[in-house]
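To keep things simple, chains are lettered A, B, C and D as they appear, and every chain counts its residues starting from 1.
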Amino acid sequence: MRKIALLTSGGDAPGMNACIRAIVLTSLRYGLEVYGYRHGFNGLLEQEYLNLRAKNVANIIQRGGTILNSARCLTFKSDDAAKVAAKNLDILGIEALLVIGGDGSFRGAKHLANHWSGQVIGLPGTIDNDVDGTDATIGYYTAIETALDSIDKVRDTADAFERIFLIEVMGRHAGFIGLNAAIASAADHIMLPEISRSCDDELENILAHIEAVKKRRGNTSYIVVVTENLWPDGVTSLAQILTEKTQIECRPVILGYVQRGGSPVSQDRVLATKLGAFAVEAALEGKTGVMVGEINQEIVCTELENSWLQKKPLDPYLVKIQQDLFDILKRP
Amino acid sequence: MRKIALLTSGGDAPGMNACIRAIVLTSLRYGLEVYGYRHGFNGLLEQEYLNLRAKNVANIIQRGGTILNSARCLTFKSDDAAKVAAKNLDILGIEALLVIGGDGSFRGAKHLANHWSGQVIGLPGTIDNDVDGTDATIGYYTAIETALDSIDKVRDTADAFERIFLIEVMGRHAGFIGLNAAIASAADHIMLPEISRSCDDELENILAHIEAVKKRRGNTSYIVVVTENLWPDGVTSLAQILTEKTQIECRPVILGYVQRGGSPVSQDRVLATKLGAFAVEAALEGKTGVMVGEINQEIVCTELENSWLQKKPLDPYLVKIQQDLFDILKRP
Amino acid sequence: MRKIALLTSGGDAPGMNACIRAIVLTSLRYGLEVYGYRHGFNGLLEQEYLNLRAKNVANIIQRGGTILNSARCLTFKSDDAAKVAAKNLDILGIEALLVIGGDGSFRGAKHLANHWSGQVIGLPGTIDNDVDGTDATIGYYTAIETALDSIDKVRDTADAFERIFLIEVMGRHAGFIGLNAAIASAADHIMLPEISRSCDDELENILAHIEAVKKRRGNTSYIVVVTENLWPDGVTSLAQILTEKTQIECRPVILGYVQRGGSPVSQDRVLATKLGAFAVEAALEGKTGVMVGEINQEIVCTELENSWLQKKPLDPYLVKIQQDLFDILKRP
Amino acid sequence: MRKIALLTSGGDAPGMNACIRAIVLTSLRYGLEVYGYRHGFNGLLEQEYLNLRAKNVANIIQRGGTILNSARCLTFKSDDAAKVAAKNLDILGIEALLVIGGDGSFRGAKHLANHWSGQVIGLPGTIDNDVDGTDATIGYYTAIETALDSIDKVRDTADAFERIFLIEVMGRHAGFIGLNAAIASAADHIMLPEISRSCDDELENILAHIEAVKKRRGNTSYIVVVTENLWPDGVTSLAQILTEKTQIECRPVILGYVQRGGSPVSQDRVLATKLGAFAVEAALEGKTGVMVGEINQEIVCTELENSWLQKKPLDPYLVKIQQDLFDILKRP
């Protein structure tokens, strides 16, 4: 093998740069030329790339975002688009393409593989951690830390007067960030996609919790962590409903895209580095149509389709702790 | 003088604990007994206090919030309330009361002073910095830092596809946090209370800016810092309007009460310490009906009424920089 | 079972408070009374404890240090000491003692178990991560983050003029913190206890690296991560030697005990919470003489002796990456 | 005026990039071409520069270090060097040179001005804050924050067993960082250059303090903040001496160059922005041989020589607070 290419696709995730660096340095170590396509799959269509050398990846390991930019590429779904991409890759002489992104990006990678003879390997880069085949995705731990930092600050403002704080965190349709941030911040309640109830039941549940907290702790703040996309019209709407029903001020905190940025924490950098190095070695071994991931401290390859066909479950012990042991309704 | 008391009132502000510590240690140094009332003015009404010793203030300087809790006390406005408070203070033998809070708390302090013979001194503790008589209020710098940290993270996610980010910051009706956070984060646009326009004009202004950025920089993120209470129905509503009008995804970030918490930055701790020490010395000198503040590096006393009668202006050079030099519409 | 006790022993580790909280809330959930001994094993000897209730553990999850204080207890090694402790535990009616600490503390726990009929369970709390039976110890991830934050800052100061920075990190005699911090910070070189050379060889190795960096990158900073206790007389001495031999300014950074403090990162809080809850359940199941840990995402019990008899190896893939793929001497 | 140039010189200071950005955007706003020389004055000698446009300064405001690199230039002291620099500036058609650095860099600027007909303006960029003509230098507040963060972490590890922690902070020969970090962290003792004693007296002083703390607080940690360059052979040596004399473990923490890096805090970015904009305007007004600074919230120009001839005093009230009110020896 002589030439390898990579791209970052989908939502930004802290650690993507560390991953790019690992891919580049490992490739150079094995004597490969390495090219980075810009703006995700759009770069493949536009043949917009740069030849990456050691100097391109100096001092990027601590930076959020991605030096290759990321993007969604809605037009990539067509066969024509895949063919254009395949052609561009061949023109450049690329033999393997590494795609850092979430399951949406892997669908794109799989689609490309159906039209291209080169190797395609995925690396899980998304803050939502909703990709099976790896215990954690690149960017996940940083996103938890960002959410946690905000909840810690809200906790400081424990006025005598009760307030209910609804902190909306990301996760798309998975509760990983939410559950971990809730446990780590000692939040009073959590709304997770995996444990869904009807809106009415959910509302009833929260109101019961607020009552129980009031009885036990008197007038203090009450913190609820809510995963995005769960409540119709978002937490601003839920905050209004709760304010009406409880007669307690309910304030929303919407972190939004704040959770996609920031300097990656150590684990995201280390994971990104391991997966980046391993992906290049997997390419040299001829692997294709797989995603590299770390499961139980071992780096493994799983079929790309697995990333969107298999749903990764939450840590059952964590769920039990949150619901059973720390649930104030269950306390004696 | 033998006995002095203090309380923290109104919204939480990082640095309140550092202030409490300085008041306590300075009082002890001068041989005074010092009492802390809990939950703001409510403590005065309930005679809920504790005798503060050095051990009570050990290890609190870096903590957000306030060990005496803070609260609003809506019932304090009546003459009866003031009389109850005065009586409770006399029962305890308090000769001077130090009130850490914003102008709302100072109105309460002034009201108390009309019914009590003891000395009343205010210390400016609020993140909004909208108190005249001091260049900065305790908590202000930490709030800017918190807003800045979030905007920095949003900036990392500079996708190829344009997005407009509206970051709502606190400030009540003042633009200090907003202006400083906008300058420090290189935000593209800012909405300040001091430079108000009609909603229609403001909308037109933003739309013109977005057009200009698009022309100059192509498809990148566009960041707007918006002070709270400025747009009817908040930034979630403004985000929807902008998404419709520009056909670009517009995302709100609502930091809310996150800005009131967190470990205070060095300046808030240093300012809190200086003002706390000085307030005790002012009390020993017989001062009353004043607020201590730092103006041009000098600690001074100003009439309590000043805090709500005088409106503190924004730094005119900063406003000029934001509007004149960095405004993309004005660039050649 | 009706009464359970706990203590924190050895060096401080961020997350100990989160662990205490989980133990207390889980114990209360199961109807147990829970007592916390102060200052490690010294509390057992002095019968210095407090009855822990939910309010004692409110708002401690984000705080570094431990509310029960920690300490070494050198006198605990004697049989007499163990008997006194056993007697005190019996007087209080304690049926199980949970010990949060490192392997030194577990030796103490084992020693106590030889003289006491109650159950003894260990929880791994130390920043060094040199305890077998768990992938990570409570406090480990925060320590890496602290070291990383400092190295990131040093990296910013990349003057034109070369400087060599020696960053000394903790780890006692294990290279976990060092290896992870080095990988995550893109350090140029690392000195680990597990890959020891004679001082002469180590020196020769570093000098060769510095030469190679100079050739490739010209005049830039060169960062070496050094685990404590490795170089005779520490990094200050090594810095002087390198300055002489290379004629390049070599500056030491000694983080020292900074690495033992700070608000724990999310993983330390989550791990601490899981282990704390599980340890109580293990006690209720009659377990004794074991340490709870998390291995490959499963919480398990291993014999206490394992913590000091078995040496936990570094992640071999990480070592390979640092030495083989990123070593500048090996680059083409 | 048509062409302006700038350079960053001396030790790195967080905020230098924000300053560069302000200079560039302001220059462009006024229709000037702006050039950045690299590696401090070395760039002038090597004619190594780049034409700075808006895109060069996008996304740099939050980054530590300087995109133009900084350096000391020992050879600049000669007349020949100044003449070479003057010639290079003329070749490029530069009419004004902005120098961001400390007083050492201003000596260089003054020296250049003696041999060049163009305008020379200085901007105070150094973490030490030892430059008169401005209340704060760019980088100062971030350095305090970095030191403070470390001391806060050390404070967490308050073991039952006493330890003495000596935290060495930067400042060259000024105690600004030390004094502010000590006040903000509630350190027990501080060693400042401005309040110097003989080594014997200093030692006696510390030993008396340690005794007093021991009497009052029993066995807890004792934190001393020491400015660099004060104790012969540094804090490692002082730590050894104290360990011997007190029989208490004394641990040094050497932050070193960590204090020169990191993302600048809001005030450094705002100050850097104001001074950068103002310096360009001062150049347009024909000013030369001056340094811009902010004094009492007003931006002013002072003679360049002032920066090294005048010694800026510490805040006397802060010194009094540390020594008089919080000194444990003075407490009743």
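In the analysis below, contacts are C-beta pairs under 8 Å (C-beta built on N, C-alpha and C of every residue); 3 or more make two chains touch, one makes a residue touch a chain.
Computed from a predicted model, the values in this text were never measured in an experiment.
**Q** Which contact partners do chain A and chain C have in common?
**A** none
**Q** Select the chain at the greatest separation from chain C, using centres from the mean of Cα atoms.
**A** B
**Q** Please report how many Å separate the Cα centroid of chain A from that of chain D, as a whole number.
**A** Comparing mean C-alpha positions, chain D is 39 Å from chain A.
**Q** So the centre of each chain is just the mean of its C-alpha atoms; given that, what is the distance between chain A and chain B in Å?
**A** Computed value for the inter-centroid distance: 34 Å.
**Q** Do you know which chain B residues sit against two or more other chains?
**A** Only 152, 155, 158 qualify.
**Q** Pick one for the touching-chains graph, please: line, ring, star, complete, other.
**A** Per interface graph, the chains form a ring.
**Q** State the interface residues of chain A toward chain C in the complex, per the touch definition above.
**A** Touch residues, chain A against chain C: 18, 21-22, 25-26, 28-29, 31, 54, 58-59, 61-62, 135, 141, 144-145, 148, 152, 155, 158, 180-181, 183-186, 216-217, 263, 265-267, 269-270, 273-274, 277-278, 296-297, 299, 315, 317-318, 321, 324-326, 330-332.
**Q** How about chain C: which of its residues touch chain D in the complex?
**A** 11-12, 14, 38-40, 42, 63-65, 69-72, 146, 150, 152-161, 163, 165, 234, 236, 251-262
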